[in-house]
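Okay, got some structures for you below.
Okay, so chain A shows up in both of these, paired with chain B first and chain C after.
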Partner chain A sequence: MPIAGVNVTYDPNTLVNDGKPIELDWWAWTNVEQFQAIADAYSEIHPNVVINVVNQPWEDYWTKLPLELQSGGGPALFNVHNSQHENLIANMEPYDIDPADLEADYAGAASHLIDGETHYIDLGLMSGAIYYNTDMWEAAGLTDADIPTTWDEFREVAKALTIRDGDQLRQAGFNFNSGGHTMQAGLAYQLGQNLFEADGSTPAIDNEANLEVIQRFVDIYADGSGDPDFGAAGTDSFGQGLSAMTYAWGWFSGTLKNDYPDLNWSAFQTPVPEAGETPYALDRYNGESTFGINANASDAEKEVAQDFLRYFLTDAESMKELSLIFSVFPAYKPIADDPVFAENPALAAFGEIDRYIWPGPIPATFETTTATMWEEILFNGVAPEEALAAAQATIEKDLSGKDFVSSEGLYAFYSGN
Partner chain B sequence: MTIQTSTRSAHRGETAPVTQATRRIKKPASELWLRNITVGVIMASLVLLLLIPIGIAFVGSFHDWNPLNGRFDFTGIDNYAALFADPTFWRASSNTLVFGILAIAGRVLLGLAIAYALFSKLSRWRTFFRTIFYLPTVMPLVAVAFLWTLMYNPQFGAINTLFGLDVNWLFDQRFSLLAIVVMTIWKDFGFAVILFLAGLYAIPEDVLEAASVDGASAWRTFWHIILPLLRPMLFFIIITSMIGYLQAFVQVLVMTNGGPGTSTQLISFMIYDQAFVKYNFGYASAIAFILLIITALLTAASWRMNQSALDTPRRRRFTHRSKEKTS
Partner chain C sequence: MKVRVFALNAGLLLVGGIVVLPFFWMILSAFKSNSEILSFDQSFLPREWTLENFVSIQTKLDFFRLFFNSVLLSVTITALSVYTSLVGGFVFAKYTFRGRGALFAVILSTMMITWAVVIIPRYTIFRSIGLTDSYASIIIPAVISAFGIFMMRQSMDSIPDEILEAARIDGASEWFIFHRIVAPLSVNAISALSIFQFLWVWEDYLWPYLMISSEEKQVLAVGLTTFRGQYGTDYGGLFAATTLAIVPVLVVYILFQRRFIAGAASAALKG
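After this line comes the complex of A and B, so read on.
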């Protein structure tokens, strides 16, 4: 059988576990069938190995898995979500693959290095885009040429897509309700503002860049192109055909396909402040992670797990399938130019892949606190300056005593605040 | 030596000498075993599932604690100090107080009114209405909360459509907490109806007939006879509601997630948020302990009020009889 892979390679012509029977468990919270198919394909090459993919619901996964790992048990393989990094990393076995090879084949692999070792990487990258209703777009007399590239152009398009009946908003041009915090963290990067100070651990929320981002979207609502009371969530309102545009991450394309199959939509790249200028970064990204290996597993299990890992990382077809299922841009560089990704509007809306920043597995307080901040601004009449100061204080309090260090410094174009 | 005591036979009214030996009724060994095992299992469960976890949480409240990654660093009273300086905690506390008072008042008043209406001899189809009113109680809270979230939707919700309003119930801080309270009362009043009905049916009929013969109006009968006799049930409902509503959490999680801002954050929601979203189990334990103390104090105060309310008529009767004897 041929050797697979480019820099990371897999030779299927060698025995694992000396050909002796062995069984491994692999925990997953979703897409169990796809992962089982990959495991079964591996078992066809190595009939002595059985890998059972075990479904563990998301609700229990992040308490059950860390506690199992801490007690010295748990599955040999387990899917990882990087938001749970802090609770898992102590019990994860490093990948037995040269980090340079991983970086050569997988975008963003270097940002996962810890003391020169890799414990998981991204199999795909997810970020934000503007989703738009193509029927409403046409009805407003807009064409592809009107797709905005700057925020000023976007503001005008939002006005054109808005329909009012007297004082009543009938169709929002743009709706970001319940999603302000998702935009916030990424779009300040466009203005050269990192989420953390140069030390990598001091949060940087209360600043001019974040104020500008907030003001931009508050102004769009002030134009009348949207309204905080028009639908609880912008994404839901978009799906229900009440809003013409919304900002969402790649997962939303899956939601639209499953929950709103009759809706005609497309997506375009998130606008930038200045036409023709590449900003510091386009947006924040987060990765759909590869699996982890249990550091407490037996030596035989670890050996098989490392072999299976190489098989997994060099299986281009599976990587392609998983990327499409998760609606993520593939991190595996050999398949990045596959035309199938250009056919998916959400993935085609990705800009230059190197211009997205992963800030690291940032603690949940960033998301929850900025979500609260946006509600204070939109619904409770709190001034943006005041809301930003309160958010900064809350996040600082929540992070005090924690040893989190941001990965922003690993961004190729990094420049400290 | 035989110690002689006397006791009165309930049936004959006789006084009979009884020895200590005869007072100790011999129980079969199997019954003793059953008793010991039953009590032992209950005690062990209480210790294992209640006292030990409470003890661990209490110790944890003095630590920077995340059981999911094994962090357990002693921080002294830092968590408590941070808690009392946290504006969100004070907001959650005042929200919990408002929520509790409104929800208890609504549940009791609505429950009592409907129970009294069903108790009336004029009412028909009592069993049918009792079932209808009790139905929300048996529905899962999560499902009810989702349902009401849809009903409160400002664009297509039933409430705005029905009343011709244009209110964003769950995202307007003037209404959001009230909207959750209304949903909670709707969910819970049926249980109060059943309990009040049980209390009403336990009132001796001759008391009500005597009031009727004496020409007492319906209002006087309710105020001076029924309500005082319902007092133990009333306090039971208030105390159990108070304990339940101080821990209210699910409806907030589903309907508002504590928002807009922190305007519907309750203490229990804050505990969940700190423990299971931010993994600050030490801080969450400190909040939980404050909540435990508040709940215990309020419950004790309610019991005392109930006891003194029950004791007052007894004292009055005793004083009245003493005066009669001395005169």
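After this line comes the complex of A and C, so read on.
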């Protein structure tokens, strides 16, 4: 059988576990069928190996898995979400693959290096895009040529897509209700503003860039192109055919397919401040991670797990399928130009993949505090300047005593604040 | 007087309606598509009835295996815990011994300890003795019920001691007295406790989830949570599975309901 892979390679013509029977468990919280299919394909090459993918509920997975790992047990393989990094890392076996090879094949792999070792990387990168209802677009007389590339153009398109009946909003041109904080954490990058100061630990929330981002969206609502009371969540309102545009991350395409199969929609790249100018970064991204290997597993299990890892990372077809299912831009560089990704509107809306920043597994306070900040602005009339200052104070307080260090410094175009 | 009774009945009917409305809403929603469930413009009855949610739960969840596992565990634990509660209640109600009050107080105090405090030590103990991924890990902690002992003691307090004395004079053994006299006289309390215990086991989620790793051994309450994903929930599938999941609870309630209220009331009123 041919050797697979480019820099990370996999030779299927070898025995694992000396050909002796062995069984491994692999915990996952989603797409179990796809993971099992990959495991079964591996077992066809190595009939002595059985890998059982065990379905786990998302929320309590993060209670059970750390408990199991910390008590010396747990499955040999387990899926990872980088938000749970601190919970898991102490019990994860480093990948037995040269980090340079990983970096050569997988975008962003270097950002996961810890003391020269890799414990998981991204199989795909997820970020934001503007989703739009194509029927409403057409009804407003808009064409593909009207897809906005700047925020100023976007504001005008939002106006064109808004329908009012007297004072009553019938169709919102843009709806970001409950999602302001998601945009907040990524769009200040467009203005050259990192989420952390140069030390990587001090949060940088209360600044001109974030104020500009807030004001931009407050102004769109002030134009009448949306309303804080027009549906609790912009994504739901969009799915229900009440709002013409919303901002969401790649997962939303799966939601639309599952929950609103009759809705006609597409997506375009998040606009930027200046036409024709590539900003410092387009947005924040987060990765869907590859699996972790249990440091407590037996030597035989670890040997098989490391072999399966190489198989997994060099299986281009599976990587392609997983990227499409997760609605993530593939981190595996050899498949990045596959035309199939251009056919998926949510993935086609990505800009230049190198122009997205991963700030690291940032503490939850960033999202919860900025979500509260947006509620204060939209519903309680708090001035954006005051809301930003309060958010800065809260996040600083929540982070005190924690040793979080941002990964922003690993961004290829990084410049300290 | 009639007006007051009518008003009271109307009020109770209204409150009852409010309480059961979400239940009926869930059942009817099990026949809706996800897009209709999430629709901004809601309707109580499905606009388009679909059985798809029910048809697909077996492929999504292996529903019947999980259902069987839950029935097996619920029936086993209910039977065992009701019996041990009967024994415990009998001892505390009908025997006098040194430290009885203190021991009963200790048993009652275990009801005051929150679940969150004990779950990690209990997890560590069961793991260290190798009982993870076994039904023993679910059954053993539930076999002795402080609430059950309390309930049975309250119920048995109302059984006249003279009956037991007469049986002893006639030569009945303690074993006979317990099984042939006291237990049959406690049938109301047994019915009430059976319903409570069955329901608790049926809906118990976190402990079975932590203990059981194999999918084929998992319980239905854990399986239902798999409808809630990282980025969204399959409400149609969840409602369909939940609708079917409440059937055993209803069956148990219907079987024991005649005795249930009397049993619960007697346990609550006796001091």
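Simple rule for what comes next: the second predicted complex is superposed on the first by the 417 of 417 C-alpha atoms of A that agree within 3 Å, B and C clash if a C-alpha of one lies under 4 Å from a C-alpha of the other, contacts with A are read in each partner's own complex, and residues count from 1 in each chain.
The rule is short, and it goes like this: contacts are C-beta pairs under 8 Å (C-beta built on N, C-alpha and C of every residue); 3 or more make two chains touch, one makes a residue touch a chain.
On a predicted model such as this, the values are computed, not experimentally measured, just so you know.
Overlap between chain B and chain C is detected when the two structures are superposed via chain A. In the superposed model, A:Gly231 makes contact with both chain B and chain C.
Legend: residue contacts after superposition of the two complexes on their common chain; A:Tyr260 is shown touching chain C, with no touch to chain B.
In the superposed model, A:Ser298 lies in contact with neither chain B nor chain C. Of the two partner chains placed by the overlay, neither chain B nor chain C lies in contact with A:Ser415. After overlaying the two complexes on the shared chain, residue contacts for A:Pro66 are found with chain B alone; chain C is out of touch. Of the two partner chains placed around the shared chain by superposition, neither chain B nor chain C is touched by A:Thr278. Once the two complexes are laid over each other on the shared chain, residue contacts for A:Gln215 go to neither chain B nor chain C. Of the two partner chains placed by superposition, only chain B is touched by A:Pro363; chain C is not. Of the two partner chains placed by superposition, A:Ser201 touches none, neither chain B nor chain C. After the shared chain A is superposed, the part of chain B among 3-11, 39-47 or 57-65 that runs into chain C is 39-47, by C-alpha clashes. Once both structures are placed on chain A, chain A residues 63, 67, 231, 237, 242 are touched by chain B and, in the other complex, by chain C. Those residues of chain A lying in contact with chain B across their complex are 62-63, 66-67, 70, 86-88, 90, 228-232, 237, 242, 363-365, 368, 371-372, 375-376, 378-380, 382, 394, 397-398, 401.
Residue ranges on chain A touching chain C, taken from their complex, read 25, 29-30, 54-60, 63-64, 67, 71, 73, 75, 81, 231, 236-237, 239-240, 242, 251-252, 254-255, 258-262.
Those residues of chain C lying in contact with chain A across their complex are 34-35, 38-41, 120, 123-124, 127-128, 132, 206, 209-210, 213-215, 222, 225-226, 228-232, 234. On the chain B side of its complex with chain A, the touching residues are 64, 66-70, 73, 75, 82, 86, 88, 153-155, 168, 170-173, 258-263, 273, 276-280.
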